[in-house]
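Labels run A, B and C following the written order; every chain starts at residue 1.
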Amino acid sequence: MASGSTFAHRHILGLEQLSREDISHILATADSFKEISTRSIKKVPTLRGHTIINLFFEPSTRTRLSFEVAAKRMSADTFNISPSTSSTTKGETLADTARNISAMHPDIIIIRHACSGAPLLLSRCVKAAVINAGDGAHEHPSQGLLDLMTVKERRTTLSGLKIALIGDIAHSRVARSDIIGFTRMGSAVHVYGPSTLIPKGIDQLGATLCTSLEEAVRDADVVMTLRIQHERQNDPLLPSLREYARQFGISGRILSLAKPDALVMHPGPVNRGVELPPEVADGPQSVILDQVTNGVAVRMALLYLVMGTS
Amino acid sequence: MASGSTFAHRHILGLEQLSREDISHILATADSFKEISTRSIKKVPTLRGHTIINLFFEPSTRTRLSFEVAAKRMSADTFNISPSTSSTTKGETLADTARNISAMHPDIIIIRHACSGAPLLLSRCVKAAVINAGDGAHEHPSQGLLDLMTVKERRTTLSGLKIALIGDIAHSRVARSDIIGFTRMGSAVHVYGPSTLIPKGIDQLGATLCTSLEEAVRDADVVMTLRIQHERQNDPLLPSLREYARQFGISGRILSLAKPDALVMHPGPVNRGVELPPEVADGPQSVILDQVTNGVAVRMALLYLVMGTS
Amino acid sequence: MASGSTFAHRHILGLEQLSREDISHILATADSFKEISTRSIKKVPTLRGHTIINLFFEPSTRTRLSFEVAAKRMSADTFNISPSTSSTTKGETLADTARNISAMHPDIIIIRHACSGAPLLLSRCVKAAVINAGDGAHEHPSQGLLDLMTVKERRTTLSGLKIALIGDIAHSRVARSDIIGFTRMGSAVHVYGPSTLIPKGIDQLGATLCTSLEEAVRDADVVMTLRIQHERQNDPLLPSLREYARQFGISGRILSLAKPDALVMHPGPVNRGVELPPEVADGPQSVILDQVTNGVAVRMALLYLVMGTS
């Protein structure tokens, strides 16, 4: 188990704030925790008697479950709160909610919120450590870190790789965290998607905008696709799902342009036949379920490391 | 505590798959666990560090609570997930949900789903043990087992009894599990209900269809009534509640046709004055609350036994 | 830790049933538990293996969380149930729900319900200890007790104080519990609010009705404001929020009429700018967050004390 003493971040708000050394330290810690989940007794006493609150303003099954599994495997006490966003639209009210929860002496608050910056605001109102579980279109750092961990496991390095990132870049907090993370670790991120869904200034994040799917995927080490939001199906910015699959889906033919052992990744849940056809989603190059497994390990590491800073 | 080593079932999908010996073994195990719930400290370390997921696609308060109580009394870590069925109507998506949860290394997944066969599908996608907590109109094995346990406690045997099963047989997974369970243990199940709610081929399940309520109840050892779904009140297949009570309710007069010490049972919640008048539901022959108590013990046994097969 | 042996109440239904000695004993116990929540490992084994059910028929985030935090810090196993009120409008059905839960051998049931008297009814149906977490416009005893604890911490005594209680008295269970509690401990409660929201016979509870805000607040030791329900904004009994703030809000000018070190209290969440302007809600006299912190300690004490009576 890596020592928490060299980790200086009280809050995990985004990959933006994490140095290359921080990220390496988190991934090494996650790697050391991964084995716990394969034991018969999947539990270590590390965070016994610690109070961890899942404060999810947006509905979530997978991320909430992953954090809760991570917390309980560290022996923490967990609490789930899902306030309706309607009652907390004003930042002032989020601050009040935060101060009230803080008065019950939690150790860590994990927050998901539709507004970018909500975790930062929270971190200024509470004594607890704050972990961002996704804020608006800003960042989703634990997802970015589990993506990095998954690639590092298979490639041994995160340096000098070509990452193809395909889809709705503009609305994706996963895309932002991945672009920041992979470029910081020394890899190149090539993005492609519907032109209406590529934000201006994407190159300032360090990504390279491609003009075709083929260009993005060619010789890539990793082909990462982003989820198209079903609920945006009538969005005039979006083509139909069928059209999307034809233009932006990763068929076997497209995948064959990447390196022979390129990894296929997706933050889930996959719209089968849209972002990925089943034979690619479930194919030998897919590491989508490794991403989920590593998510628990990364979150155990984050809970552990922020507690080392209290 | 009975040894788990003689129990060969990795999953509990229905009573259909369980032999007479399996059922006896489960009931003996449940009987040995029952006392734990009467202690001041209602907790044994048996499943410490095990991850148990309640995956309920249909709303449920009682069954979910009963499983959660059972799991925590065995010291397991429990997680509740209630995906909206709307987002998982396609079997394909259930499989994806299953594989994703499986990647977090749960030990047991307890599933309730509106579609018959969903637990079977789940069991084929995951490494965890799967327990069916009710699937469509197919089976509800833990309910069937707690019914068997309750009768065995009072009658000492499950052989040679007459069980009257009254109500909406067609839509009831409880009815199916009970018919399979009681007939397998050597008892005779006599069914009666609105003719529109008796499925064809009920005799192939081993039950005897009666032509009157009196015939079904006469000399019965057990009078088991099924819940009429309030939400089906406008169903043309169903008489009005008042009419139902008159024709199919177990009045004191009807009950007097059964054996003098016949047991009155109901899977709950009772529609008072419909399936049972209050004086029968709360009367000396009612074992409805014993069913609830035994439900926790049966579920502790199931959790314990499937873990012995991992 | 105070001994539970001198506490004779199996259920906590309201402050009405608690003597001055009972209240002092609860507050002393809560005071001894408060330190636990400031430890790194916030957990004592006192209620290990005990089953505590949060049965909330009304939505609640804060009170439910506070009870759940209290229970887990005592090492109890907690279970959350939120039945829709629609399915349990009949008292008969609440009784059935109660008996069913009781059959699973819970140690404590914490109930919130829209109907006054629901906790009393529950206590008559179950073997478990019952704690009222708010019933209709009747009582909210743990809130009343945490208010008493907060004042006692700052004033060292609860005797001879003037408490100004401002707002919607008629619909407030907090108001009732506070009036009963503070008067029982020897303080005087002066109430003021919209005349349509002052119930007749308020003086029979022991409170003094004032004819102006100034009269209520003048020389008060405590200025306690009640929350205006947003959802009642179109209620003809209520002035507009702007009008309410002007007539009943505690401005700095109004607060200056109270004793110089008067405490500002509110059960939360505050409608900022309505009951209290931000500078008062967050000002040096505000003890609103102490109320929240003390809520956990009071609830730990209640869980502990009712268990001493089993």
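For this structure, a couple of remarks:
Quick note on the criterion: a contact is a pair of C-beta atoms (placed from the backbone, for glycine too) under 8 Å apart; a residue touches a chain by one contact, two chains touch by 3 or more.
Keep in mind that this is a model prediction, so the values were computed, not measured.
Viewed as a contact network, the protein chains are fully connected, with every chain touching every other. Between subunit B and subunit C, two chains of identical sequence, the interface residue sets overlap only in part, with shared numbers making up under half of the total.
Centroid to centroid, with C-alpha atoms defining each point, subunit B and subunit C lie 40 Å apart.
Of all residues in subunit B, none touches two or more other chains. Those residues of subunit A lying in contact with subunit B across their complex are 37-43, 61-62, 65-66, 68-69, 72-73, 268-270, 272, 289-290, 292-293, 295-296. Subunit A contributes residues 48-51, 53, 77, 79, 81, 83, 92-93, 96-97, 99-105, 107, 310 to its touches with subunit C in the complex.
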